[in-house]
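The following pair of complexes shares a single chain, subunit A, combined with subunit B in the former and subunit C in the latter.
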Partner chain A sequence: MSRLDDALREALRREEPPEGFAGRVMARIEARKERAGAWDGLMAAWRGPRLRWAGALAGAVLLIGTAAYQETQRAEGEQAKRQVMLALRITGAKLDLARARIQRVGYGLGDR
Partner chain B sequence: MRIAIVVLAATLGTAWAQDIKMPPAFDKLAAKAEESVDVTLDSGMLQLGGKFLSDKDADEAKAKKLIGGLKGIYVRSFEFAKEGEYSAADVDALRSQLQPPVWSRVVGVTSKKGGEITEVYFKTSNGAQIGGLVVIDAEPKELTVVSISGAISPEDLADLGGQFGIPKVELPKSKGKEAK
Partner chain C sequence: MAAAAKAVTIGRAGFEEIVRERQSMVFSIAYHFLHDRAAAEEQAQEVFLQLYKSLGELESPEHLTRWLRRVTSNRCIDVCRRRKLMPRIGLDEVPEPSIPARATDPLLSRAIRRMVASLPEKWRALIVLKYQEEMETEEIARTLGMPAGTVKSQLSRALDFLREKASRVLGEIS
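For the complex of A and B:
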């Protein structure tokens, strides 16, 4: 035989794996299967109608809640605005009344 | 003890913020009144209301500018069906808070014939602005008190009269008496 044949035989000769190698490989395969199982389960549940409905419901509640909050804020703001205008109108009217009474008795603020 | 201090601080805080405390008797007057107005706007409510005031509307734009420096606006107004529903003591309870040197009475008109009292008080301020304003208008069948807390410029004060949809009252000047 040639030297090349010898070298090939040497390189490709059967070698026994270290002790516990097969067990470790099998354990890693199992662990990967478990992780994939949990994720697949979640995805499957999402694809299921119950969780999809729950998600849609939560979204709708959030949307309605935000809209209701904004509406409450708007209503309070409008109410505050009306009160500001009312208060200033009353103040203006009373200041005018004071001015008119002063002028009536003859020493108006307008004279100053 | 701590609770008492907190309650006292909160009470004093509110009183300080409002400057003038509306007499408790006013709450009873509301029940007697045919019509009553109660406006309580602290700084938070003024800010909120200011956000909704339009710059395009002339009155609202002026109101927005005016309330910018204010800490609060408080109005109590009562209209009664008959005379004598409120007492002088009700007004005195408010008037007693408006003492110098903090407050100055700038207008005081009393008509014994008509039974009308109109008083305007300014809160003294170091700057060119007025630190607060109180208007008391007591008539036989009507009582109105306005308390404005915060900085008001004389221009804003002049704007208040004859603005906000109220026609300016310009009566012919009397020639009989001298200006005070």
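For the complex of A and C:
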């Protein structure tokens, strides 16, 4: 056995961790269990019929709402298109009227 | 599932007893590796949290001890590699003791611990397991998953390295 062996054995003796080490480990385990417990509880509730029905209902409401919103958007688009077409027709009619008047005035000048 | 079942069987008090019985072993491996009490406590806590999840795999108290030594050593090797801790304690920083060294000298022990903490990770693992845990070559080889021949040769090289540095810094020690 060399002096270095003795020195290493002496220097690398086991030491106790800081006071309360085991308590802190157990607290962390408990905290993890609680987190896991909350998640498990949520999953168990989901597996239960009441939350499943609530989920299905929420999904149906979401689908109907989305469909209704899309229908409203489509109807508003159609109405806007109709209004634009009407405006264009009115504008066209007014332009025809104006052109006819200009032509009449032009002929009148030519007759003199 | 087996781990959960075993944890239920052992119970909170049982697991706490396992922690108390083996905390000095796990903490000391980490401390002699990392040379930092706070970092050693953090790693030791992580090892016990991992143990709680892996209880189902362990078949006997001996298996449990082996598992703890292996997981702690490997975790510390990983931490050292990640943090590049090794250069933080260069051998040149090892203070020269002001009084002649004796085998049980606290200054000598501190200097030796710093030298060990400055070794490459694998050498450090070999030295800590051999001198702290008093493990035989074959046992170290099984723990670290290395061939026994490699353990023997690497250990010899690590000791030669330490002997040379110790004699330079601390005077003749062989």
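Operating definition for what follows: the second predicted complex is superposed on the first by the 69 of 112 C-alpha atoms of A that agree within 3 Å, B and C clash if a C-alpha of one lies under 4 Å from a C-alpha of the other, contacts with A are read in each partner's own complex, and residues count from 1 in each chain.
The rule is short, and it goes like this: a contact is a pair of C-beta atoms (placed from the backbone, for glycine too) under 8 Å apart; a residue touches a chain by one contact, two chains touch by 3 or more.
Just so you know, these numbers come straight off a predicted model, no measurement behind them.
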For A:Thr91, is the partner it touches subunit B (first), subunit C (second), both, or none of the two (neither)? first
Which partner does A:Ile29 reach: the first (subunit B), the second (subunit C), both, or neither? second
Of the partners subunit B and subunit C, which touch A:Glu16 in the superposed model: first, second, both, neither? second
A:Lys81 in the overlay: touching subunit B, subunit C, both, or neither? Say first, second, both or neither. first
Max touched-residue count on subunit A (subunit B vs subunit C) belongs to chain B
Residue positions on subunit A within touch of subunit C in the complex are 2-18, 21-22, 24-26, 28-29, 32
As the complex stands, subunit B meets subunit A at residues 37, 39, 41, 45-46, 48-53, 59-60, 63, 66-67, 73, 75, 77, 107, 109, 111, 116, 118, 120, 133, 135, 137, 144, 146, 148, 157, 160-166, 168-171, 173-180
The residues of subunit A that touch subunit B in their complex are 74, 76-78, 80-81, 83-112
Subunit C contacts subunit A in the complex at 12, 15-16, 19-20, 23-25, 27-28, 31-32, 37, 40-41, 44-45, 48-49, 52, 101, 103-104, 108-110, 112-113, 116, 127-128, 131-132, 134, 159, 162-163, 166, 173-174
